[in-house]
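The following pair of complexes shares a single chain, subunit A, combined with subunit B in the former and subunit C in the latter.
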Partner chain A sequence: MTDWEIVLKEWPRLASGFGTTLLLFGISAVGAFLLGALMVGPLRSRSKIVRIALRSYVDGMRMLPFLIFVYLLFYGLPTFGVKLDAWTAGLLGLTVYHCAYVAEILRGAWDQLPVGQTESAQAHGYHGLRLIRRIVLPQLILNTAPVLGNQLIYILKDTSFLMIITVQDLTYAASSIQSMYFVPLEPFLIAMALYWAISLLIEGFVRVVHGTAKERGLGHA
Partner chain B sequence: MTAGGFQMLLDGAWTTIWISLIAIVCGVPIGFGLSLIRVSRVPVLSQIVVLYVSLGRATPLVTLALFLFVTLPVFGINIDKYTAGVVALTLNTASFNTEVWRSAYLAFPQSQIEAARATGMTRALYFRRIMFPQMWFAALPSLVNEMTLLIKASPAIAVIGVVDLTRVTNRIAAQTYEPLPPILIAGVMYILFIGVLVRLQRHLEKRAERYAP
Partner chain C sequence: MPEEVPVLQVDGISKSFDGVEVVSNVSLKIYSGETISILGPSGSGKSTLLRCINWLEKPDRGDVYLAGKRVGRKEDDQLMSDHELASVRTQMGMVFQSFNLWPHFTVLQNVIEAPVHVLGVSKDDAVVRGEHLLEKVGLEAKRDAYPYSLSGGQKQRVAIARALAMSPTVMLFDEPTSALDPELVGSVLQVMHDLRDSGMTMVVVSHEMRFAREAADRIVFMSDGIILEEGTPEEIFKAPKHRRTQEFVAEISR
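Moving on to the complex of A and B:
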């Protein structure tokens, strides 16, 4: 049996790993994005305490390696009696960690929106959440599409760290086929090709969004 | 945590620092060279660079490190885990640096090149004397930003058995049965390293703005 045949025979293992990676990526990307969008307003809050608290969370995440944060959740939390399994810790870690990055990207873009625009929206009766949802957020997303796309690729790549805390993702699947049958090359080639394919899809999606942004006279930021 | 544990953390921090440093020192010039191939549109080679950058950007470091560590020996290249870690980090950071250098090159004002040509400078001369110093100023903040990303991704090499600042916390916890203190201290150390780089980046950004062409 050639190496490729072994890998082909073991495809369910790779498929399940790929499924895990996609699931972790999908849920945490959506979660990080929604929470990040919710945090943009409070990040610019008038209350100093709220601002400082959120600021330290965002800056903390941006200076901490992802794996150390996951270690804190997975190995550190049990000290306080909170025991998470690897999957939960991984998913929570991905979401909470990348949420800070998304919030910071969107906040930076909000600072560049013309002030007069928000004021005139308020004069037309847009306030609070409706103002953010209908006027501000669509522009922020269109303006920052390439940067948000990069962040999506980072989320995808960070899922692979989770094999270190025993999550059976795509990289774990490749590694386990490699060690079981001693076929060192092929499983990793397939894994890298799959990661690459997802990244290309993300880049294609970003290009479409960016095109829409340009059509509407946005996307210069 | 004991004094021995703290010593282990310092050793781990040192491993993280020297491995990252070598990757940075190699990755910045490699990225520069590759970006030159790309912008001068060398046939075949420049397509290979495009492919390399796209793939390098998309491959997780964990996967890359494992791949290099188990695959290279099959081709007769014996590689220990430290070399594999350094090579993985270098390949990764070089692909990002290529893009940084390329955008610095593309953003360079055409008028200066025309002026240099008008005074009779050769391509090599104006690149060396006029373009490169200004590109360096413009690219430096992004290069430092990439260094922080590299350090944040460096715990990936733990997967091939390198005991870095992240991995060492497992070792300490195995002795003390208290995982939290070493992880917290390691976290603070990372924040210190990266905090210094972020400060440096802000400073360089201001300087680059002041000298912007």
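Moving on to the complex of A and C:
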């Protein structure tokens, strides 16, 4: 059997790993995005306590290697009696970690948004969450599409760290074929191609959003 | 006969920024159907006064009453919640110097957005009314365009239609033509003229003398945060009493 034939025979393993990676990526990307969007208002809160608390969280995550965070969730938390299975720890880790980045990207974009945008919304009776959801957030997303797209790719790539805490993702699948059959090249080439494929899809999606922004005179940031 | 309740009453408003008082104890009554033009040199506090009326700036002292109801504070002096204040603001249309249209929406979407999502008007009704308003400001052909592609004058006319879509009791204009190229001013002023003729109550902060002279029922002249003089266009332009008003009228009439 050639190395490629081995990979072909073990394809179900790769497919299952790929499915896990897609699922982890999809759920955590949506979660990080929704939570990050919810945080962007409070990050500019009038309350100093709220601001400092969220700022600490955002900076804490940004200054922490993702792997250390995941180790802490999976191996560290049981010390305090909180035992998460690998999947939950991985998903939680990805979401909470990248949510901080998303929130920071959107907050920065809001600082660039002309104050007249929120003022005219207020003058038309908007406030709170509705103002953010209808008037502010769509503009922030359109203005930061390429940066948010980058973040999506980071989320995708960070899923591969989760094999360290025994999540059986694409990288885990490639790695296990390698160690079972001593084929050091082909499984990883396949994995690489699949990561590239999703990234290219993300890039395509970003390009569509960016085009939508340009049509509206936005997205120069 | 009981005294008519003003649509808008400003009662002893003061506002400071960084210890500098830009509006000092200003009082003003505006009656239904009146058009008031607030004139004055740059830095006279006229825009701040206008922004205090709908509480985009919170006044340090004084009160605003809309149709007899206090704005910004409740009867017991407590500040209104954001929600209560937002609800009061829907009754005051505001037009900004820099238009502040929402760029992610088309022209028609800009006009129907707040009626649908704030007032809860059905989308179909809002579209009918929105199209009618766009027709009134001469922009029905631009309904599906994005603000980005419009000229300044067109943007401002959309902004006026957007404010009118809320069926406000009073319209506040904050330097509506100051950011426009001279050749685009006329179309916006025409819309404002029409609006005045339709009986809308309007407060217009502007450098636009032509509009003040032709359309205002009353002119309020502000300088250094106070109302220096108040009168009909005739009185202010032909026989200004204050030296500052005389200088201002002479300067802008040259």
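In this text, the second predicted complex is superposed on the first by the 221 of 221 C-alpha atoms of A that agree within 3 Å, B and C clash if a C-alpha of one lies under 4 Å from a C-alpha of the other, contacts with A are read in each partner's own complex, and residues count from 1 in each chain.
As a convention for this text, a contact is a pair of C-beta atoms (placed from the backbone, for glycine too) under 8 Å apart; a residue touches a chain by one contact, two chains touch by 3 or more.
What you are looking at is a predicted structure, and each value in this text was computed from that prediction instead of being measured.
Student: Under the stated touch criterion, which partner chain does A:Met192 make contact with: subunit B (first), subunit C (second), both, or neither?
Tutor: In the superposition, A:Met192 touches subunit B alone.
Student: By the touch definition at the top of the document, which applies to A:Thr171: first (subunit B), second (subunit C), both, or neither?
Tutor: A:Thr171 sits against subunit B, while subunit C stays out of touch.
Student: Looking at the overlay, does A:Val58 come into contact with subunit B only (first), subunit C only (second), both, or neither?
Tutor: neither
Student: Contact-wise, after the overlay, does A:Leu218 reach subunit B, subunit C, both or neither (first, second, both, neither)?
Tutor: In the superposition, A:Leu218 contacts subunit C only.
Student: Examine A:Thr79 and indicate which partner it touches, taking first as subunit B and second as subunit C; both and neither are also allowed.
Tutor: In the superposition, A:Thr79 contacts subunit B only.
Student: Is the number of subunit A residues in contact higher for subunit B or for subunit C?
Tutor: Partner touching more subunit A residues in the overlay: B.
Student: For A:Pro114, select first, second, both or neither according to whether it touches subunit B, subunit C, the two together, or no partner.
Tutor: After superposing on A, A:Pro114 lies in contact with subunit C but is clear of subunit B.
Student: Where on subunit A does subunit C make contact in their complex?
Tutor: These residues of subunit A touch subunit C: 114, 116-117, 119-128, 130, 134-135, 138-139, 142, 215-218.
Student: In the complex of these two chains, what residues of subunit A are touching subunit B?
Tutor: 60, 62-69, 71-72, 75-76, 78-79, 153, 156-161, 163-164, 170-171, 174-175, 178, 184-185, 188, 191-192, 195-196, 198-200
Student: Spell out the residues on subunit C that touch subunit A in their complex, using ranges where they run on.
Tutor: Of all residues in subunit C, those touching subunit A are 54, 56, 82-83, 85-87, 89-90, 92-94, 96, 98-104, 113-114, 117-119, 146-149, 159, 162-163, 166.
Student: Spell out the part of subunit B that touches subunit A in their complex, as residue ranges.
Tutor: Listed in rising order, the residues of subunit B that touch subunit A are 54-55, 57-64, 66-67, 70-71, 73-74, 148, 151-156, 158-159, 166, 169-170, 173, 178-180, 183-184, 186-187, 190-191, 194-195, 198.
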